[in-house]
C-alpha cells in the first residue's frame, strides 16, 4: 500500500466507542491518513444518539468535531467498515469479534478475549510482526474471510517493547517487575476517587497473570502451525497509583551472559522494527527512548514521547540480585491500547494482509 | 523501670522540631507516660519564638496546646533534657549529635549521619534490641557519658520489620523490592506539587543505598566488638508517589528451604519482640498485621494500624522467580521515623540502659 | 437524662450502614456513652452477611471490631432499636423512615426526603433546638408514636452554623457563597477518579437548591403550628474539588447595621448553644473556631477541629460589595452529616423528647 | 504587518525563561510565524549553561529541541532581541524592564511591577487595545525608544475576558467572585505537595487586590493623558486548589438593566475583538466559549479550548442576590499569562506600534 495521500481511505469502525480506550481510538483515527471513521458502536441504550451526547469525553483536547455529530450504533455483523477497532467490554467482545471476522471484517482488538487463542496473533508491531502469518491458519481453521488480530494488555506492551531488544540480543533468563499503573487503565467510571486520592491499590484483577502470559507470547515464535511461548520465569507486582495516564514499570532482569549497562542501553536505543522501516503513520521514530537523567521517566513529563507511541526507559543500572535494573514508562491508552491496535492495522495494511 | 504512673517523667528535647518528623515526635510525645517535652530546637532564625508561630503544622490533628506556647531554642550542648530526639538536618546532626552525647545526653536520632558508624547501634526495637550492647563500646571509644542510638530510614524499617521473622525462621537468600513512598518522607516543603500531581518520581536520592545497607545492619549481629552485616543480595527500586503518609513496598524474596506460604504467614503473624514482652507504651500489639483481602494493604486504609506502629502485610503469594512475594506497608513518619525512635528510647529506658 | 455512666444505653440502628455516611455513624456511635448499636441495615443483597465483609471501609482508622462481626439486616419496621440513624438512599428513605416512625422508632435522618416537610423539624442543635417542638404536631398529624427529625445538607449545615450568631445578633440581609466540597460528600463509589484528579466540577445536583432552602428553614422559626423561613436572598455556587473530607465555603454577606469586623468575630467566638449548655457527649466546646492566620481554614489542617464537630472560620474581612466576607470550613461527614444527627439525638434524649 | 510567511521574523527574548511562565512563553513561541527566539535569560547561577540542563521542564509535551541547546544568559540591557517577553521575578523586573525599554526594546511583561503605573498600558487584547495609545505618553515621559506593555494577573484576565462584553453591553454594577486557582500559578517549586494534596488553601498573597484593581484598569479607559478605572464594587475570594492548570471563577454579578440570560449568553458568544479582526496568529476564534452542559467548564476538559486562549463559560443562570451568575474558566499560564503577552505583542506589531 503506497503511503501517499490521494489514495482511497479504508472505512473503520470503533466498537465500544464511548469508553476510555474507545475515545483514544477516535482521537488517533481522526485525521488519519489511511483510515476514515465510518461507524461508532456503543451499548444498546445509547444507539441512535449523537456520539457527543452520550460520551463523557475524558481527553484533554476537544472531541474531534467530525465524530461528535455521528450517530452511534449497536454492534452488529454488517457494520459499514473494512476494519473494526474493538474496545468492547469482554462479554460483548465474546459475542461480536468472531461474528464480525466471520462476516469479513478485519478486527483489531484491544480486548483480552481472544489474545491467548491458539490461532489468534497477539502482535506488538515492532516486536513480532511475523505472528501475522498465523492469520492464514486462523482463516482456514475458522472458515473466516475476515480476521482477528489482538494487541496486548497495557502493562505487557510497555514492558515487552523495552525488553524485546534485550531478549533478542542477549536472552532474558528471569524478570521481576513492579508496575505503578494509571487510573485510565481501569476505564470510566473505574476507580472511585475515594480509593485513588492519597492512596495506592496494590492489586489489579488478573493483571499480573495477563502481563506474565502475554509477554511470553509476544516474545515467543510462530512456527507455521502454532505459537511457542518464550520461556523464562516472570514475576509481576501490579499496583494502581494516582496518575491519569502512563504506566511506570520497575524492572529487575537477568540476561544471558550478563551484558554491561552500555551494551544494554545501546541495544534499546538502536532498536527499530517493521513500523519504522515501513514508515507507518503511527510509528514513533524511536520505539524506545532512553533518558540519562537520574529521575526519569516520569508519567507527567514522558508519557507523550513519540506522540505517546514510544516507551521511555531510564535509570539503567546494575541490580545486585539479577544483574540489570531499569524503569520503563508507556502511555497506557495510546501505546498500551488504542495506538498499538492502530499501528497493527497500519502494519497489516502495508504488508498486504488486509486485501487491496 | 516500672510502667506505673506516678513515676518521675524523663525530660526530653526534640531537635529539629518544626519539620515533618519533628512534628511527629511532638505528636507522639505529647501526653507520653514516661517522657515530658522540656525543649524544642529549630534553626537559629526562629529561636525565641513560639513554637506555634514558626511551625507550618502538617498533621491532621491539632498541634498539642502544651507545645504551641513553648519557646523554641537553638540546638546547643546544655539543653535541659536527659533524652534528645533528633530530627535535625544532616549538617546540624553532624555538628550536634555527638556534642550532646559527649555532654551526657542520650540521643535517639532519626538522622542518617551516624547510622552506619562502627560503634553506633542502628536499632529496630523488635528486631535487634541486643545491638544496644554496643553502647558500652561507644562510650568507652568516645569518652562519652551520654550515647547515640539511631533508627533507620523509613523504607528500611518498613521492609525489615516484615522480613525479620522470615530471616530468623528461614534465612533470606535474595530480595528484590520496589517502594512507592509517601510525600511526607521528603519533608516540608519537600516535593513541589507540580511534580507530585498526576505523576510518579522514580528516584529518591540515596534511598536505595540506605535501604540496602541499613537492612543488612538491622538483620546482622553485634559480636561484642563490632557489627556484622547480614549477607544477601538486595535490590531496591525507590519511587515517590502521590500519597501523604505510608510507604508501600512490593517484595520478591528467596528464602532458604523455600517455605510454604502458610509457614511464611504464620511466622509473620506470630512475631513479637522485646517491646511486646515489656509492654512498652508505644509498642503495637502486633508488629506485623497480615491481611487476607486481595487488595490490601493500602496507605489510606492501613497506615494507622497499631497507631501507625504496625506494618501491614498482604498478598502473600508465590513468586515465579524468587519463590515468595508480598506487599508491606508502614507509616513512614511514625513507624518509619519518630515512632521508631520513641520506641527505642522506651526500650533502653526499660532495659536500664539510660540510668535511673 | 442524667449524663452519668451506669445508665442503661439506648439501642440504636444505623440504616444504610455501609455507605460513607453510614460508616461515619458507626465510627461516632462505637463507644458512645448513651447509645449502643443494635442493628445495621443495608440493601437486600447483603443481608445476613458480616458487616466487615460487605463494607469497603473508607475511614482512616480501623473499623470498630464490635461492628465488624455484626450481621447486617434489611431495613424493616420492627428493628430492635429505639433510635434509627438513617443514611438510606432516598428511595429507601421514602419507603422506610415514616414506617419506622409509625412503628414507634425515633428516626434521626441524614436524608433529604422529609427535610422540607411541614411538620418535620430540620434541626441544627446549636441553632434551632426549639424546632423540636414541632414533633407534637408531627405525632398528632401522622398518628405516630415515634418521630422523624432531620439534619441538613452538609453545605447548609456548615454555612448555617457560622452564620447563626450573625443572623441572631445583626440579621442577614443578603448572602453569596461558593462552596469547594469534598469527594466524600458524593458517597462511594461516587466521583470517578478520572473526573476528580487535576480537576474541579462546578456542579452538584440539587445542592445549590438544598443549601438555599435548608438554611432558611434552619434560621427560621416554629410558631407552634408551622415553620416560618428566614427571609433573605441567598445565592450559592457549589463545586466539587479534590479533597477527601471537609467543605470550604467562601461567604460574602450583608448584615443589618453593617457591624464591624471585631463585632462579627466576637459574635462567632462567643456563640454557644443548648448542646454546650447541656454538655452533650458529641458537642464541641466551641461550635465556631475563629482563626487569625491569613491562610486558614484548610480542610487538611482544620477539618478535625472539635473532633470534626466545630466549624472553622477564617479570613474575616471587609467585602467591597456586601460588607463582610469570610471563609468557613466544616467536616462534611461528621458535622455536616452523621455527627449532626447524633448530636440531635443526644439533644432530644437530654431534653426528654424521646421518652425515658 | 502582512500576515504572510516569508517575512523577516522579529527576534524575541524570553526573560526568566526557566520558570513556569517562561516555559509557556517558549512553548508558544517555538515555531511562531512572526517571532524567533534569540535569547533566553535566567538567574546568574545558570548563565552559560544549556537551557535544557537548567530547566525542570513542566509541560506535558517535550521541550522544543531548538531551545534545549540554547545557552542561557543573564538579563542585561543589550540583549539581541527587538521584543522581550518578561516572566522575571519581581525584583529582577524592577531592575531590568525599564532598563530594557530605555535601551529600545519592546517589553511585554507578565510581571505585576509596572501594571498599575500611570503611563503603562495593561492590555487584554480583545478588551482594551486602545490603551496602547498610552505608549506615546510613556515614551515621551520616560525618554524611552522602547516601551513596556503589561498583561494582567491570571485571575483578572480570566474574569475580565468573560465580563468585557457584559460591561460593554450592559454595564457592571457589582461583582462577587470566588476563584479556584491552579497550582501552576504559584510557579515552581511553588506550592508544596503536602499543602496541595487533599487540601484547599483559601489565600493567595495579594491576589484579591490585584484581581480587583487590574480588572478595573482593563475595563476602564485611556483619555489621551491618563487611565480612568471602571468603577464598580468588586469582591474577590481567591483560593488554591489541587489542579495543575486552569483557573475556575464563580461569578455573581449585577448588570445594569438586569438583562435576561439569553441576552447575556448572546453577548458573550458574539464577542470578538481586534485580535479576531486582524486574524492574529495566537487569537482564538472564539474568545469566549459558552457551554450548555450543566457541569462545565472543568479545568481538565476545557482549559485547552482555543489552544488555551479562549475562556470557557458555563452555568449561566439567575442569581437570587445580584441577578446573574455563571462560571468561567481560563488557562492560567496560557491565556492568563504567556499567551496574553504574546497576543499583545502580535497586536502591537500588527497595528504598527513596534516599528517596521
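Think of it as A, B, C and D in the order they're written, each chain with its own count starting at 1.
Note that a contact is a pair of C-beta atoms (placed from the backbone, for glycine too) under 8 Å apart; a residue touches a chain by one contact, two chains touch by 3 or more.
As the structure is a computational prediction, the values presented were derived from the model and not from experiment.
Contact with subunit C and subunit D alike is made by A, B. The greater number of contacting C-beta pairs, out of the two interfaces B-D and B-C, is seen for B-D. The centroid of the Cα atoms in subunit B and the matching centroid in subunit D are 48 Å apart. Chain centres here are Cα means. That of subunit B falls 40 Å from that of subunit C. In subunit A, the residues touching two or more other chains are 58, 195, 197-198, 242, 244, 300-301. In the complex of the two chains, the subunit A residues touching subunit D come out as 57-58, 60-62, 197-198, 300-301, 303-305. Looking at the complex, you find that subunit B touches subunit D at residues 20, 56, 58, 183-184, 188-198, 242, 244. The part of subunit A that touches subunit B in the complex is made up of residues 174-176, 178, 180, 195, 197-203, 212, 233-235, 237, 239, 241-244, 248, 250, 252, 294-301, 314-315, 319-322, 325, 327.
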